[in-house]
Amino acid sequence: QSVNLTYLIPSGPENQVIADEVVKAFEAANPDINVDIETRPGGSEGDNLVKTRLATGAMADVFLYNSGSLFQAINPQQFLVDLTNEPWQADVQASFKPVVTAPDGTIRGAPARAAMAGGIYYNKKVYEELGLSVPKTWAEFMANNEKIKAAGKVAVIQTYGDTWTSQLFVLADFYNVQAKDPQFASRYTANEAKFATDPAALRGFEKLQETHDAGFFNEDFGAAKYDDGIRMLAAGEGAHYPMLSFATTALAQAYPDNIQDIGFFAQPGDEAELNGLTVWMPDGVYIAQTTPNLDAAKKLVAFIASPEGCDAQTRAGGASGPYLINGCTLPADVPPAVSDLLPYFAEGGQNGPALEFLSPIKGPALEQITVEVGSGIRPAADGAALYDEDVRKQAQQLGLPGW
Amino acid sequence: MAGLTLKSLRKSYGEVEVIKGVDLNVEHGEFVVFVGPSGCGKSTLLRMIAGLEEITAGDLYIGDKLCNAVEPRDRGIAMVFQSYALYPHMTVYDNVGFGLKLAKAPKDVRDRKVREAARILQMEHLLDRKPSQLSGGQRQRVAIGRAIVRQPEVFLFDEPLSNLDAALRVDMRMELSKLHQDLGATMIYVTHDQVEAMTLADKIVVLNAGVVQQVGSPIELYQRPANLFVAGFIGSPKMNFVELTVEQLGSDSVTVSGKDIGPTQVPADPASLKVGDTVTLGIRPHDLLEQSSGNLAGEVSLVERLGNETNVSLRLPSGASWLAVLDGDHELRIGQSLPLTFAPERAVIFDKAGMALHPQQ
Amino acid sequence: MAGLTLKSLRKSYGEVEVIKGVDLNVEHGEFVVFVGPSGCGKSTLLRMIAGLEEITAGDLYIGDKLCNAVEPRDRGIAMVFQSYALYPHMTVYDNVGFGLKLAKAPKDVRDRKVREAARILQMEHLLDRKPSQLSGGQRQRVAIGRAIVRQPEVFLFDEPLSNLDAALRVDMRMELSKLHQDLGATMIYVTHDQVEAMTLADKIVVLNAGVVQQVGSPIELYQRPANLFVAGFIGSPKMNFVELTVEQLGSDSVTVSGKDIGPTQVPADPASLKVGDTVTLGIRPHDLLEQSSGNLAGEVSLVERLGNETNVSLRLPSGASWLAVLDGDHELRIGQSLPLTFAPERAVIFDKAGMALHPQQ
Amino acid sequence: MTKLSSRLIGLAAILVSAVVFLVPFIFIIITAFKDKQQAALLDFSWPNGFHLWSNLVEVVTTRNWMMVTAFINSTILTVASVTLLVIFAAMVGFVLARRKTRFNGLIEFLILAGLMIPPAVVPTIWLLQGIGLFGKLHGLILIEVAYGLPFSIILYRAFIATIPRELDEAAIIDGARPLDVFFRVILPLLWPVTVTNIVVQSVGVFNDFTNPLYYLPGNANATVQLTLYNFQSQFNTSYNLLFTNILLITIPPLLVFLFFNRHIVAGMTAGAVKG
Amino acid sequence: MTALSEAGSAISHGGGRAIRRSPYPGWFFLPAALVYGILFLAPTLASLYFSLTRWTLFNSTFIGLDNFAQFFREPFLVQGLVNTVIYAVVTSGLKVVLGMLLALLLTSAVMARGYLRSVVFFPVLVSTVGVGITFTVLMHPTQGMINEALALLGVKGPGWLVDPKLALLSVALVDVWKGVGLATVIYIAGIVAIPKDYYEAARIDGATKWQNFLYVTLPLSRPATATVITLSFIGGLRTFDLIWAMTRGGPGFSSDTIASVIYKQYQAGFYGLSTAGNVVLFILIAILVVPLTMLLNRRQGHE
């Protein structure tokens, strides 16, 4: 007697392909379970939908959703099944567990994808041509940019046609902030540290402004879209593209011929020895408490969090970063942009999570503010102050103490 | 049994009072004609009876039932609107048959009745047309058709023949008359056509400015108008009037004279008069005869030759304008003097308030 | 100088031919009245002259100018629509003054003219109302007002007085007549009212089914109708007809007789007749006189007493239905026999094709 | 001369309309012809290959022929809700325009409020769950009706004034009950407005995606707009497929429009009343 | 008998209206009122409560008017307000004018009328997403078709959506492009409803085409005008979907309207705050729209 499960994922061709492959493998292994994939919009529209469906008891059996602060915002204790004692938890890397742990200390999710990093893609061909080397400090980075610009190429690609891409300089700088001030995240959550007043935190905004003011951007940065960014990077029209590492998949799919030319490095800080990578934890898979098919749902989650699950993902979407599950391996022939990531993960201490995994607060207007700063409409300090305002609102809405 | 009783019916549009307390009694099966000058409230009264216009004050009974608040549909009426109000999206056939369709009459009955009405109205060839493809008179006939296919207790006709040619009008008049006899329904009919009013009515109601002036049989209204207004209104061309002075009072007559007319003894009720009073004498144009020894004379100012009779406009010595209708075709010169006479018993005397002083009958 | 010339004008609505080749000549300043049965094409003809209806075939000249394709605006016409077509969103004042406003007449001139028109039409108290707040007759007067404030070369009136009471109608008739004289404009006038037609027209055009039957002065049409149709149509009540046999032919008369009428010599053109032919004799109801020694007699079937005259419907021995209009008020019994006579020179003889055989004049 | 100038105006209109209205349309079409790489450029270049067919196949077959299900669902949803919408709205508009009471102001305000306030999603879902309509097609139909009513009512209310009241009266005298007056006399004469309503609301309902997303979750219940999400995500979009999809789901409403457009004719009330 | 008639007249004088059943019965409201009341008004009223709470959808904490205070502290509220009004006025104004003109053209005997009507209505049919993407492409500052065309004429086109001063207007223009078909269809319905008698009368009265339009078409298509203004003005005040699809309120905050500010709050999960924002927006719209509709509906209905 077969069981029907529903599995809700964010929409989009890649998500779809990966989920299809995973489900296919899962169904092959569990012939009595039939999984129906539902999609939902991504982004904040999707957040609302997930919240609404949880709040109204209409959630799918299993669903894919962000970890970290967004995970905290869906009241995991109330709505998600406790997975602390599932056998596969043993294989989940410790760094992931906190980002799917409910306030009561129970773990409510499993890693669904590979980990990502925020940093800067670069075109190796351009580097070779101009004899550049990967920068370890911001100053080196800017010097590289100068040379690239002098060579008549776009030094830094920016694509504000998709506003979310504008946040990278700020978000990917968090490893550097954290390196300067390890307590920043908790002080920030407690309303003690501010972007505008903490010089280290302000650097992110300043870096954005500096690159803009130096004229390193592509001419149409205001209108260009993410896809344009990918294309310019692959074609070598632009040398640097600050982005999340998941872009590797898109690059590999759209520009298989150029994928070997693309590398990745962490956003440089001011000191070479403190260089490290800001990491994004993968999304989690969760089971809604309303599910009538708990056993089947658990099987699915267990499968996703298993090496077979990882393989299925890699088969469908290629490798974009390390999986956080012991036993999962990446194929040998991963693109350079992925292999560039691995050292940061291999040697301890050279990566750290992004702020949104350490604090529940992320101001919703960041992308607009970074567009303004990156477009020269607003100076970095102003932007940071405005973002602090935005953060305050968020914190108040979350009802956090001290705001 | 659907007579009608109107008890001090009133209607106001905001400030404007249009019907100012109408009392009227219509027997079952009677044919009542409303006449009155344009804008006097005839249509409004009809619409109040139909239930289309809210009654501001007063009571309306249809049969014995107080109907102020009864829905039009339940009043058992059919109506021809002055503006036709045809259903523009339906063919003539459907327009005429609509009421029957609503009443769920069987299809064959409906078909028969519609075709019968079309025959009566001489519009059998128009049944498939839409109203927009009809001439004015044809539209009006459709409007009539819509009313006559049904068999209500009361028919309300608002100037139903105004846009028809004379011949058709005579035919239709006959048909309505026949319908009235056949159905025995009460009919209320508004018209401006004196001939229609005279020939169709059992009873004519003369309205002026929302007030009933006189109710009576056609001949009564013609011969014994209650007041100056009715006298002037009924009869075409209009009655001639002249102001005279009372010279002498008889038992059932008064002798009057003035600038235009020498002393003439006219039958009238002298009760309210005294010698020296100013009264108005009225005489119909048809009652003026050309006679060389007449008791009045006027200067011809306009001659209209209608074929079988001749309308002569006259200027009396006092300056009053009179009209005489002379039998046959006369050729008269403008400016010539025309001596006239009339039979005194045809004249009517009105007092200063305009009330007629008919002699006791 | 705006006379009108219509040259074999035709109009079809799809299959239906409505105007079937009309030729007509109207002099500048003439007052022409169109009469004809309902649906015969009067309004259509008027609308073609106005430029509202496309001309299917033929030529229309206004003055000397071929106007088939000229915009109504440039034809120098004013028109009263049979359906009024008042602008519902404008007050009476604005409705009447609209044409002047468009012509950019100075405000004071416009005001004066509008008020003057309102005075003539007896609607000064209605100037601030919207059409929806008016009675039928009041709306019609607004429609007239809209036409008469302007000074076009040609006026087109489509049954302009049909919804007015008799008195007002007489007044309006006078006013239109006066306007005609004052402006010297050409006027084309559609009416079903015989009196209107007779009194206003310089020339009457009788239409039937889209074909002109006769054009002539009112008295000509009345006295010398060209054919049975015109004879029957002009004059109210309608002419009586009876079929008779030719007994004898004179030089300028024929002697006819039949079941209903003994041998009677009637003035007529005998050219196309021979003894034994069947002809139709027509005699107007007004020309029948009650006379004990009359040459015909009928059985009274209906009596309508109008006051100044009495309409008597008769059944002749042959079964034909006749009407007699007797002077004065007569009381007659239904079923009684009424002997009648008529002056032979009043009768008209029609041949089998319905053409009148008037004697040479 | 006038003929010529009207022809010129026509020609000019066609040209201008082609530029203003068709250029974006052509963009959608040519993008639908492209492959993924070229489409991602999002430019006005000529397709370097004919990929429409493969795009179409992919769009239609994606996710188990979701498009087909979606078409069926959307069609049912659209037909049912627009039918109810038109009838309910016309009834309200009719009475609201014809009968003046002191509540009219309040009613009109409530109707306007429907245009002014966005719907409250979560309480609505609670309510739907309470009355057992959540996740059901007829629940969503009623939702679409509720949300579409203000627009349709306002449209009807304004236009009922163009129908002479005497026609109602004639029908009443003919013995018509209110429903007869409405369905046999008023509604037929409002046909151009009804057509407008049908066209506009069909487009709205057919293209709606928020409401199905929230009130009718589940794959089996997908509506056409949701299929757009198959090719679009926050980070990565297949523009060729997206535009093929857009093209495909634009066709039914276009057909509806083409069909009904011919019914917007003049002279509905010609010949009805004199004066 | 007398008693009866007196009773009757008492009724007719006193509460005559109460008995008389109108030919326009109130129950015609019923189906619509039920659906609308239950599925729209009730939840909306319920949600009013949440404007006084901090609401995560999962639980709510009563916080009084804090949300309103917070809403009024929004840094870009004033600018959003100005933008909202500009946007609404520009879009509804252009829709009215262009819709009327197009409707005039499309009800005249112009050739290819069916084609033109379809073409004008077509944008209404395309999903907002498609329109958004298409126009961001067309309005691309360097490669966009629009600026390329301008370049051919020797004009350097602006950054339509990138220039903070232009972004809002650019979106408004696209909104007009997308919405004018709707206005046109409504106007067409309005114009065909005008009996042709009035045009005939006006032609006889000597009206030129322009005067015909001014004195007949314009006043008599008032129902259509009222509808178009009401719908597009409210729509303009509330719109965010196109803004969202094209600029997300940007660059920065320069094309934010109140509605997009609220939408962003909602997206951010500030449900109580956004509900409060909606209340404020509702009041604002009501203040602007209610007098407007009263003005538009005054003396409407001319039969």
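Order of writing sets the labels: A, B, C, D and E. Residues in every chain begin at 1.
Following the convention adopted for this analysis, contacts are C-beta pairs under 8 Å (C-beta built on N, C-alpha and C of every residue); 3 or more make two chains touch, one makes a residue touch a chain.
Note that this is a predicted model, so its numbers are computed, not measured.
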- Message: Spelling it out: a chain qualifies if it touches chain B and also touches chain E; which chains qualify?
- Response: C, D
- Note on the structure: By Cα centroid distance, the chain farthest from chain C is A
- C-E against B-D, pair bridged by the larger set of C-beta contacts: B-D
- Chain centres from averaged Cα atoms put chain A and chain C apart, in whole Å, by 94
- Query: Taking each chain's centre as the mean of its CA atoms, how far is chain C from chain D in angstrom?
  - Reply: 56
- Task: Go ahead and note the Å separation of the Cα centroids belonging to chain D and chain E.
- Result: 15
- Item | Centre-of-Cα separation between chain E and chain A, whole angstrom | 39
- Query: Which residue numbers or ranges of chain D touch two or more of the other chains?
  - Reply: 42, 122, 126, 164, 166, 172, 232, 239, 267-270, 274-275
- chain B, residues touching no fewer than two other chains: 71-72, 82-83, 133-134, 136
- Note on the structure: Residue numbers in chain E touching two or more further chains are 23, 57, 143, 195, 197, 302-303
- chain D contact footprint on chain A (complex, rising order): 6, 10-16, 36-43, 46, 49, 52-53, 55-58, 60, 164, 225-228, 230-231, 246-247, 249-250, 254-255
- Message: Could you list, by residue number, the parts of chain E that touch chain C in their complex?
- Response: 195, 197-198, 200-208, 211, 215-216, 219-220, 222, 302-303
- Task: Would you pull the chain C residues touching chain B in the complex into a rising list?
- Result: 13, 35-39, 41-44, 82-83, 133-138, 140-141, 158-159, 162-170, 192-195, 198-199, 218-219, 222-223, 232-233, 235-238, 284, 286-287, 304-309, 311, 325, 327, 329
- Note on the structure: Contacts from chain D onto chain A in the complex sit at residues 36-37, 40-42, 62-63, 121-122, 125-126, 129, 134-135, 213-214, 217-219, 226, 229-239, 241
- Message: Give the list of chain E residues in touch with chain D in this complex.
- Response: 22-26, 28-29, 31-33, 35-36, 38-44, 46-47, 50, 57, 105, 107-112, 114-127, 129-131, 133-135, 137-138, 143, 145, 148, 177, 182, 185-186, 188-197, 223-224, 226-227, 230-231, 234-235, 237-238, 271, 275, 278, 281-282, 285-286, 289-290, 293, 300-303
